[in-house]
């Protein structure tokens, strides 16, 4: 039996649609298959003029399709402005993310990594950590940071926080679901050698898997785990 | 349910007798109470002339009494020379520790922290990590480093590796067992304000507990966790 | 004789009332008892609608009472918006904090820790560091970062900056004053196992004390010390 | 032959005029002498009331003179508000810096260090890193962070990112040009022992030089280098 | 043109045969193809009874075959005892490695990473760094640490030094040579999902490539680079 | 008044003669001038055949002359084997260094930096930290690590522990004494641009001074300070 069996309700906080699939698509699929309730919280939505409403509707449709592939229980859309979280008061972001997580009440929270180059990722991380403060017995038992191709490897290794994973989830039986779910994001995928490609996703899963002797894995930085009593 | 429920057989590697109690006495008691098989591996034994045989026999008796309090399944004595692990070839230490762990075949391994000031702790940590390499599916699913009063806080914070815990175990129901087990080590306990005192042990448990909103906790650095499939 | 004897005028920068007591209440009491002039700078004040004026008046009364217990020479209120420092231009915060510190002209500056989870703490830290730049002989001789229960332990250990103290102040003779001062903050104290409780404060002081062999201590990260000539 | 010979077009991002000279004046001179095209991007301009237009015009004249000394090919002025980058949306800063760098299309990018105490430096660093993401074959082959006297040494060593250089450029033949170029900034230079003085500049170059056995050097943190094929 | 063009003579220090191929087989092939002289220094040789002479002869034959595939100019065998470098005086190891490197006089030195779990790797790293001290103008211009599957990912990420690469070499045209060279090590290869498998090697190259937008890359931590004058 | 005034008896641990001068010659001179008792502990002595007795006698004479310049109260010679501390049991080194420090009973201990490239420095650091454990009220109140030209800058910045100073001592009135003391080590000094040259020493002092606005300074990493009570 693994620590995964202890998860009943998980929430995955994604700054933008598809981060959740890149970071923990396989784990979500495995959790769902094991009977856990998996929620996704999409923090932002692109805004005109940079992103047209039609484009964003399409992306959101892709997210729905991807989440269906993975067995996501419910997706929550916060519609905060994409690539602009730094323009909002932190208290407002905290409130929006916190209110949503209060409703979900997950025992396990997946967050983007604070060392990702995208400010939205950094801000979402910190906001989630504020919500997850263990100030009461109902605080989440696990906070795990996932890695995001095209974000995590592009900051400043050795200078800004580096992603050095300490928790690996075997997703050998779910890697194809992950690839399929990402394929649903036609608007976001790019041809290899872009990091946002099926080839890069598969290579990462293969490498993380080999590190712990399984065919495919997703890797996380365990930020905090609490093994409560009784 | 918590990750602790996934543990069936745990091994605690202690460089010297009582490290295991200081570092994870409460967790051992909780695991034993939950039906897990808890093994302790005492890596070293003091040698004459520095430590007389009579003194060491007494310490080993104390260890037995302490482990009985905690519900330890079995204690393994490797009898490597205390405060002198640096004088042995690493391959020999690896073999001795590895052979013992091979027999125990724990799913969870508790190790001293590599940033402890005592060389024996640093060497035991690395030796255990060599054994725990996930080169096959039977490698331990969890490697957790514990903190040891009188070792962990006395190296060079900010310069040598610092103990920054990310995994907390609620031991509220077992803290008295921990204190009692440490009391069995009459030869090792010192009056407060020495760190090796019941007062310091209780203060640490209280602080680690308050950090995650429970009455008493033990804190760990999760070095590696693997959630295997199937 | 200790380094503490070199302090004639100290300033403690508190993002919110009670941070100064949690972080260095004992040290403030000891400094005051030794004849040093201790100033507190409260950077923010809660604003309606989140915090009513009546509530904030009460908190400020509590601060006054607490500071009287500790022997604080003077408390300075900057009334910047609480939990909203990120919404102000940094230059404005720098100016407000800097102007106040210019008037106090402390030889020693106590600041919150940059790794605290609260953005107000991070911003106050950086702002204080800007002021403390040693660009002239009158810059403060010591900048020490304190730890704050309910902030410092709740960010992301191992990923965000970790509090690894290197300077310890024996407050054995002043720990009761610290507990009493915190008790004055009736609106802020919580029942144990909340970190903001007398039990947690005492446990932390006991642990930090035991680390350096005294009954109670406060711990700091020494950010910069300058031993000027003549 | 050295890695420097691979540079055909370099861009130096300076938050404020003179940062580029303090950080890589010698390297710019050496590059120019070797026939490379050296661009400087001045990100900000001081604004009234803090900085009068007359004062800023003078500073910009000084920059022009300094750049002439060094052989700079072209200087680009973005005129973002000085000491106030934190008040702009990051997306806007990214766009302004990115558009300029797109036009220059440097193979090598010099950036301020993220651990500098000035927020403008931190923001400029991250903005440049966003632009430099290696999402296509034309991304810059080298991103090097320079050190800035009066910024890099005044944050919080050991707590915030520390400047630990791994790339050294011999500027023995160009150190006098660097000193001369800095002298052109009459409005910015200060008498020793201020860090912004010829004495400090020379001492830093001498120290960095001695570290790698040459008479004068500039030191950098290599953030990312890519040795592309063919 | 890239920094690679500046390399005329490279030395790759391998604690054990095949480390050099896992870590920089592609780069060696590319360097050789570009006309650089590539030397390999095999630091150790397994000894009876753990490794029979027949077995070691076979491994050395495999190394020869692998190096022929890559175009290695010459392989140097130091025959220090494998998995036992910690039993030799550091001065002796330094002398043996240093004497060999003195003869080669490389401008570029590839070393194993100090955070690898194998003590031989850690010791070889430090020994090479001692030799590479820039005490004279002839010290190597580049010291680059490579990553080794089955060593680098198995220590204690977040606690011991983590491999966070900052220099990437495009080996798209040489990845098949690398795979072939590794295939020559029949005695060392393992079936996937072991890290020492062609699948893992290819996945790592694909991932490192995608990070910098090329089909296959090897990644390094640049420890020190010196761009000397004239 | 500064923290320096609190020092009555200081011990400087030097792995090899002249480390103490390079690291804290100015501070020693200032302490002696202020009436403090300054002890130097030279841990090692070179041995034949690498170092002839005649050569070592000469070096020891140079040390005596240098210490006379600085006003050293007494120099203690431990005569452990130079460049070979790794061949001795750590317990033996701890005993030799500890016994000597027990006799001196310093309130302040200066140690080499653990990140220096020389193993003797690393071992001496750890050994001193073992002795300095605050297990009783008489443990030293300050442990400060100094930087050593030709050691501290030559390890692996960003990977091994980096020297990021947080305590600066103004030695403006004593820098000439330091230069003179180093000049006494005729056998150890090298012509610039070697780091072991008067020019490099002066440049480092000038840079460290400018950082805190004084003409010359020595910089330290404060490992632990204890401000005891009463």
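As written, the chain order gives the labels A, B, C, D, E and F, with residue 1 at the start of each chain.
Simple rule for what comes next: contacts are C-beta pairs under 8 Å (C-beta built on N, C-alpha and C of every residue); 3 or more make two chains touch, one makes a residue touch a chain.
Just so we're clear, the structure is a prediction, and the values are computed from it rather than from any experiment.
Chains touching both chain B and chain D: A, C, E, F.
For the self-contact between chain C and chain D, the two sides draw on mostly distinct residue numbers; the shared fraction is below half. The most distant chain from chain D is B, comparing centres defined as mean Cα coordinates.
Centre-to-centre spacing of chain B and chain C amounts to 35 Å, using the average Cα coordinate of each chain. Touching two or more other chains at once are residues 134-135, 154, 157-159, 166, 194, 211, 213-214, 221, 223-224 of chain F.
If you check the complex, the residues on chain C that touch chain D are 89-91, 113-115, 125-126, 129-130, 133-135, 145, 161, 221, 223-224.
Within the complex formed with chain C, the chain D residues making contact are 83-84, 86-87, 117, 119, 150, 154-160, 194. The touching residues of chain E, counted against chain A in their complex, run 149, 153-154, 157-158, 162, 164-166, 192-195, 197, 199-200, 202-204, 206-207, 209-211, 213-215, 221. Contact residues of chain E toward chain D in the complex are 1-6, 8, 30, 134-137, 139, 141-142, 166-173, 211-214, 222-230.
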